[in-house]
Amino acid sequence: MELIQQPDLSVNIAGLELANPVLLASGTCGYGAEVADLVGLSLYDSVPGGIVVKGISLKPRLGNPPPRLAETPCGLLNSIGLENVGVEVFLEQKLPWLRSVNTAVIVNILGNSVEEYAELASLLNVAGVDALEVNISCPNVREGGVAFGADPEMAARVTKAVRNASIKPVIIKLSPNVTDIAVIARACEEAGADALSLINTLLGMAVDIKKRRPVLANVFGGLSGPAVKPVALRMVWQASRAVNIPIIGIGGISSWQDAIEFFMAGAVAVEVGTAVMVRPSVVQEIVSGIGQFMEETGAFDVCSMRL
Amino acid sequence: MSRHELECGVIDNRAVTRDIFLLRLDAHELTLQARPGQFCMLEVGEYAYPLLKRPFSIHDVPDENEIEFIYRVAGKGTAMLSRKRAGDSIRVLGPLGNGFGWNQSRHPVLVGGGLGIAPMLFLARIISEKGLIKPVVILGARSSAELVSLEAFKAIDCRLCLATEDGSLGQKGFVTTLLQEIVGDSEADMVFSCGPMPMLKAVYEIAVKASVSCEVSLEAQMACGIGACLGCAVKSADRSSGQTGYLHVCKEGPVFDGADVSWN
Amino acid sequence: MELIQQPDLSVNIAGLELANPVLLASGTCGYGAEVADLVGLSLYDSVPGGIVVKGISLKPRLGNPPPRLAETPCGLLNSIGLENVGVEVFLEQKLPWLRSVNTAVIVNILGNSVEEYAELASLLNVAGVDALEVNISCPNVREGGVAFGADPEMAARVTKAVRNASIKPVIIKLSPNVTDIAVIARACEEAGADALSLINTLLGMAVDIKKRRPVLANVFGGLSGPAVKPVALRMVWQASRAVNIPIIGIGGISSWQDAIEFFMAGAVAVEVGTAVMVRPSVVQEIVSGIGQFMEETGAFDVCSMRL
Amino acid sequence: MSRHELECGVIDNRAVTRDIFLLRLDAHELTLQARPGQFCMLEVGEYAYPLLKRPFSIHDVPDENEIEFIYRVAGKGTAMLSRKRAGDSIRVLGPLGNGFGWNQSRHPVLVGGGLGIAPMLFLARIISEKGLIKPVVILGARSSAELVSLEAFKAIDCRLCLATEDGSLGQKGFVTTLLQEIVGDSEADMVFSCGPMPMLKAVYEIAVKASVSCEVSLEAQMACGIGACLGCAVKSADRSSGQTGYLHVCKEGPVFDGADVSWN
C-alpha cells in the first residue's frame, strides 16, 4: 500500500489564513448571505477559503443608473458603480453574520481620497475582518477609483495610508487598464502592501444598435468573465515576477483547470467572480479539483505549482 | 428560502407558435418550493457561451414533478434553448424572487399581456386550488395564436377574459380596456400584472384610479438572479425613501407594489 | 411609389478611397491570394473594401517558434511574431497580384527603429499601394513593436518619420495595452497621422497545465476575437472623441451588427480579422448587412451613424 | 485549388467505440475535389464558442455525395461535435491542404496508427480504384476496438496488416514492427503515414534506412486552415534551406516529405 500524502490546500497570505485558496471575488457575492446556501458558506467547513465582500465606502452609495449589465461574448460588462450600504451599516448589519461563518472575511474598500481609504481602514480594525482588499481599480466611479490604480505614485500613496491605518493584512487590488502592471505592482510593494490581487475588470463598452445608444447608462463598464482570462493570467505572470509579495489571481476563472493555470502563472490563491454568479456550485468543483490535481501530481502545496 | 442549482431533464420542448415555445422540465426539487411570480435562471447553452443564465417566469407547476416555462425566441440565448430536446438536460437555478402576494387578496384580477401571460397560469392555479378563490384572468396578445396555454387556463376555475389586438380572439384591443371595465364594476381588491412596461404602467394607473392595489412583475437584465451582483436595478418611486433609489428585480422583485416603481 | 435612396457605402479616409468600409485585418488574410476565393477578392467588384496585408518588415522574418496559437473563450492568442517575406519579396512577388485585384491595398509595416519605419515607407511609395498602416502595436516582437505604441513620444516620432517619408495616406495602428488611449491618439494626430486604426491585440497568455508550461512558446501572445470587442469599442469611442482624424475600428467584429456598433462608437471603417479566418464568408455578410441596416434606418453614409 | 465554405447536413454521427465517432456529411460539392490526405475545418459549436473550427482528415469519400470523418472526443470541441445528430448541419471549410503524393508510387505502403488511421481509408481507396494498385495497409491501435473502419478497409483491394498493443487483433505490438518486416522484404517504394509524432518519427527512420521515401501527415494547432494566419508552423529540417525555418501544416502540408521535417 502506498502512502499518499494529502495535499495541503491551506495558504497563509501575510498572516491571512485560508483553509483553501479559493475566494469569492468582491461584488459578485454580495455580503455573503446572498449566496451562502448556494456556494456553501456555513458555520463549519465552508466551501470557499474566504469571501471578499462587495466594495464598501464611507458613505452608502446608490450606484449607477440602469442598465448596469451587458452580456458580451464569454464576458460580462457591469457598471454597478459600487452601490453599497456604507461602512457603518456594514459593521452593524453585515459583519455579524459574516463572523458567524467559518471562512476568512476580506473587506474590499473604496475611497474618494487617500484620507477616505485610511479612514475606512481604521474603521475596519475590528474582530471578524481578516484582511482588507483595497480597490484602487474600479472603473465605475468617477472620483478616485481607476485613477488611483492607473498611476504608480497614487497607488503607493493609497497603499501607504491604508498600511499605516490598518492592523490587518492589506491586499491591493490592481487595475488591468494600465500600460505596465509591473510598475504599479512594485510601487505597491514598496509602499508596504502585504499582497496584491489582480485583475479587476477591463474597461469596455457595448452599443445597443436598435436604441442607438450605449447599452450601459454609464457608457463604460467593467469587463469580467472567461473572455478576460488570458489578460489576467499574463498580468499575474508579470506581477508575480516583479514583486516578492503574494499574488491573488482573479479574472475569468470558471473551473479548477483555470485556477491551476493561475497557480502556475504565479498566484498563491484565486478569486472567482462572474463564474460564481452564473454557477454557484462551481466553487465546490474548483476546490475539489485543485485538491485532486495536487494529489495526482504530487504537489504538496499551492505555491509549489508555480512554473 | 430554499433554492437549488440543478441539472433538470427536458421532458418536452416544443413550439406552440412560430416563435413561442413551451418547455417542460423534470424538477421535483423545485416544484414544492415554487410560488407564483417566481422565476428560474436557465442555462441555455454550454458554459461559457452564452455566459449568463436567462431568467424565465415559472409558467406552471402541473404536478409535483414538473415545472413549465413558456418563452419567446428573442435572441441568441432563447434560440439555443429552443434547440434542446427531450432527454437533454438544462442547468437551472431556482426558484428565485419573491412572487405575487396573492393571499392578501379576496377578489384578485390577473392581467397578462404578451409573454406576460407566463406567470399568470401558475398564479391562477394556486389562487384557485390553494386560495379556493375564482380569480378574474385577463389575457391579451397581438393575435389569437399568441394567446398561449388557453386550454390550461380553461381547465382552471377562473373567469377568463381575452383580448387580441387584431380581434382574432376575444375583444379587439388591449387588456387595459377589459381591466377598466372589470375594475369598474366588480369588487376587485388587487390587480396582479405582468407584461411590457407600457402595459404595466397603464394597468397600474387604472388600478390607482380605482383605488385598488396593484402588483407588477418587472424585467431587467440579470447576471446572478440571487441579489449578489446588484445588476438588475430599476428606479424606485420617489416616495419609497428606503436605503436606495433602486429596486433589485431578482431579489426584492420581480414582483413589486406598483406604488414603489418609478414609472417615468 | 417611394423613392428609396441607396445608401452610400463608400468612404474616403484622408484620400484612401474605399468602395465599402469593411477591410480585411492585417495578419489574418496573408497577402490576399491565400483567401481570395473565399472572401471574394477579384478583378472586378471585390467584396471587401480593402485588404491590409500581413505586417511587412525590411528583412524577411522567420517568426516565433511554435506553438503559436492558443484558443481561449471566444478568443484567440497568437504569437506569430511577424513572420513575413520582407519588403523586397513583397514588392516583387505579392504586390503584382494585389494590384490586379479591385480593392484598396493597405500595407501594414513594422520596423525595429524609427529609421526602419521611414525606410519601409519610402520603399512603398509605389503604384498599387493605396495606404500604409503603421503597426506600432504588435505585442509579438521584442525590439520595437509594442514599445512604440505604449509611449506617446515614441508613437509621435514614428508617425512623423513615416508621414515625411510617404506619399500615401498614413494610418497609425494603436495598441490597446495602454493606460490612456486618448493620449496616444492625440500624439499621433499631432505628429501628422492621417487616420488611426485600433485595436491591435491585447497582450495575454495561457498555461498548459498538463505540460506545465505556457501554451505559446513565446509565453505571451496577442488576444483577438469576440472576447476583445468590448475593450475595442470602448477605445474607439475614446479615441474618436480625442482626435479629429478618422478612426478605423478593429477588434472582435464578427457580424454586421458588430460593425454598426463600431460605426456608432465613432469608427468610419472597420477591419475584420479573426472572424474572417474562421468564417471567410462573413465578409460578404457584413458588407450586405451594413448596407441593409443603412437603408432601413435611412443613414446616407457610414459617418452619419455615429452617436 | 477549389475549396468551399459550406453548410453540410449530417447524415449520421455515431460512436464506433466509447470515444471515437464516425461522422457522415452530405457534401457533394466537396467530394469531387477531395484528395486523400486533405482535411476539412469543421465548426463544432455555435460561432463564437468554441471560436475556431477544428481540422479533421477526410476519412473516406464513399460516393459522390458523402464525405466521412472519424474522430476521437479529445476535448470540448469534439465533445460538442459528438452531440450533432442527423438533420443538424455543420459548417465546413474544405477540402484543404496538399494530400499524399500517392501517384508517384508504384508500391505504396500505408501506415496509420491510432486516429492516424483516418486518412488511410480514403488513400487506400483511391490508390486501389484510381491507381489500380494494391497497396499494403498497416494499421495499428491500442486494442482491436480502436482499429476502426476495418470492414471498409476489407472491402478495398489492399493487403491489410494489423497490430494492436494488447494483441487483441493482428500482431501484438506496434505498426513499426510490421513496417520493418514489410519494407525489408518487399518492393515498397514509398511509405505514407499518419499518427502520433513518436510513431511518425520511427516510421520515417525505418523508411530512411530502407532508402524508401516517406510522406507523413502532421498535426498542428490551426486557426484558419488556409495559409492566412501562419499559426500552424512546425520546424523544418535544416537541410530544407528554403525561405523560412518553418513549415505551415495547413498549406504546405499536412503531408510532408519526412526529410523536410525537423524530428527533434
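Letters A, B, C and D name the chains as they come in the text, with residue numbers starting at 1 for each one.
Rule of thumb we're sticking to: a contact is a pair of C-beta atoms (placed from the backbone, for glycine too) under 8 Å apart; a residue touches a chain by one contact, two chains touch by 3 or more.
What you see is a predicted model; the values in this text were computed from it and never measured.
Asks: Mind listing the chains that sit against chain C and also against chain D?
Replies: A, B
Asks: Higher C-beta contact count, A-B or B-C?
Replies: When the contacts at A-B and B-C are counted, A-B has more.
Asks: Among the chains here, which has the CA centroid at the largest distance from chain D's centroid?
Replies: B
Asks: Go ahead and note the Å separation of the Cα centroids belonging to chain B and chain D.
Replies: Distance between chain centres: 54 Å.
Asks: Please work out the Cα centroid separation of chain A and chain C, and write it as a whole number of Å.
Replies: Taking the average C-alpha coordinate of chain A and of chain C, the gap between them is 35 Å.
Asks: So, what's the distance in Å between the C-alpha centres of chain C and chain B?
Replies: Chain B and chain C have C-alpha centres separated by 47 Å.
Asks: What are the residue numbers in chain B that touch two or more other chains?
Replies: Residue numbers touching two or more other chains: 48-49.
Asks: Which positions in chain A touch two or more other chains at once?
Replies: 70, 72-75, 225-226
Asks: Which of line, ring, star, complete or other matches the graph of chains that touch?
Replies: Topology of the interface graph: complete, with all chain pairs in contact.
Asks: Which positions of chain D touch chain C when the two form their complex?
Replies: By the definition above, chain D touches chain C via 1-3, 5, 43, 47-53, 91, 93, 220-224, 226-235, 243-246, 251.
Asks: Quick one: which bits of chain A touch chain C in the complex? Just the residue numbers, please.
Replies: 70, 72-75, 77, 150, 177-180, 202-207, 209, 212-214, 219-221, 223, 225-231, 233-234, 237, 252, 257, 260-261, 264-265, 293, 307
Asks: Inside the complex, what are the residues of chain A that reach chain B?
Replies: Residues of chain A touching chain B: 27-30, 34-35, 37-38, 54, 60, 62-63, 65-76, 78, 80, 83, 85, 89, 225-226, 254, 274-281.
Asks: Sort out for me which residues of chain B touch chain D in the complex.
Replies: 45-46, 48-49, 80
Asks: Can you list the chain D residues touching chain A in their complex?
Replies: Chain D reaches chain A through residues 48-49.
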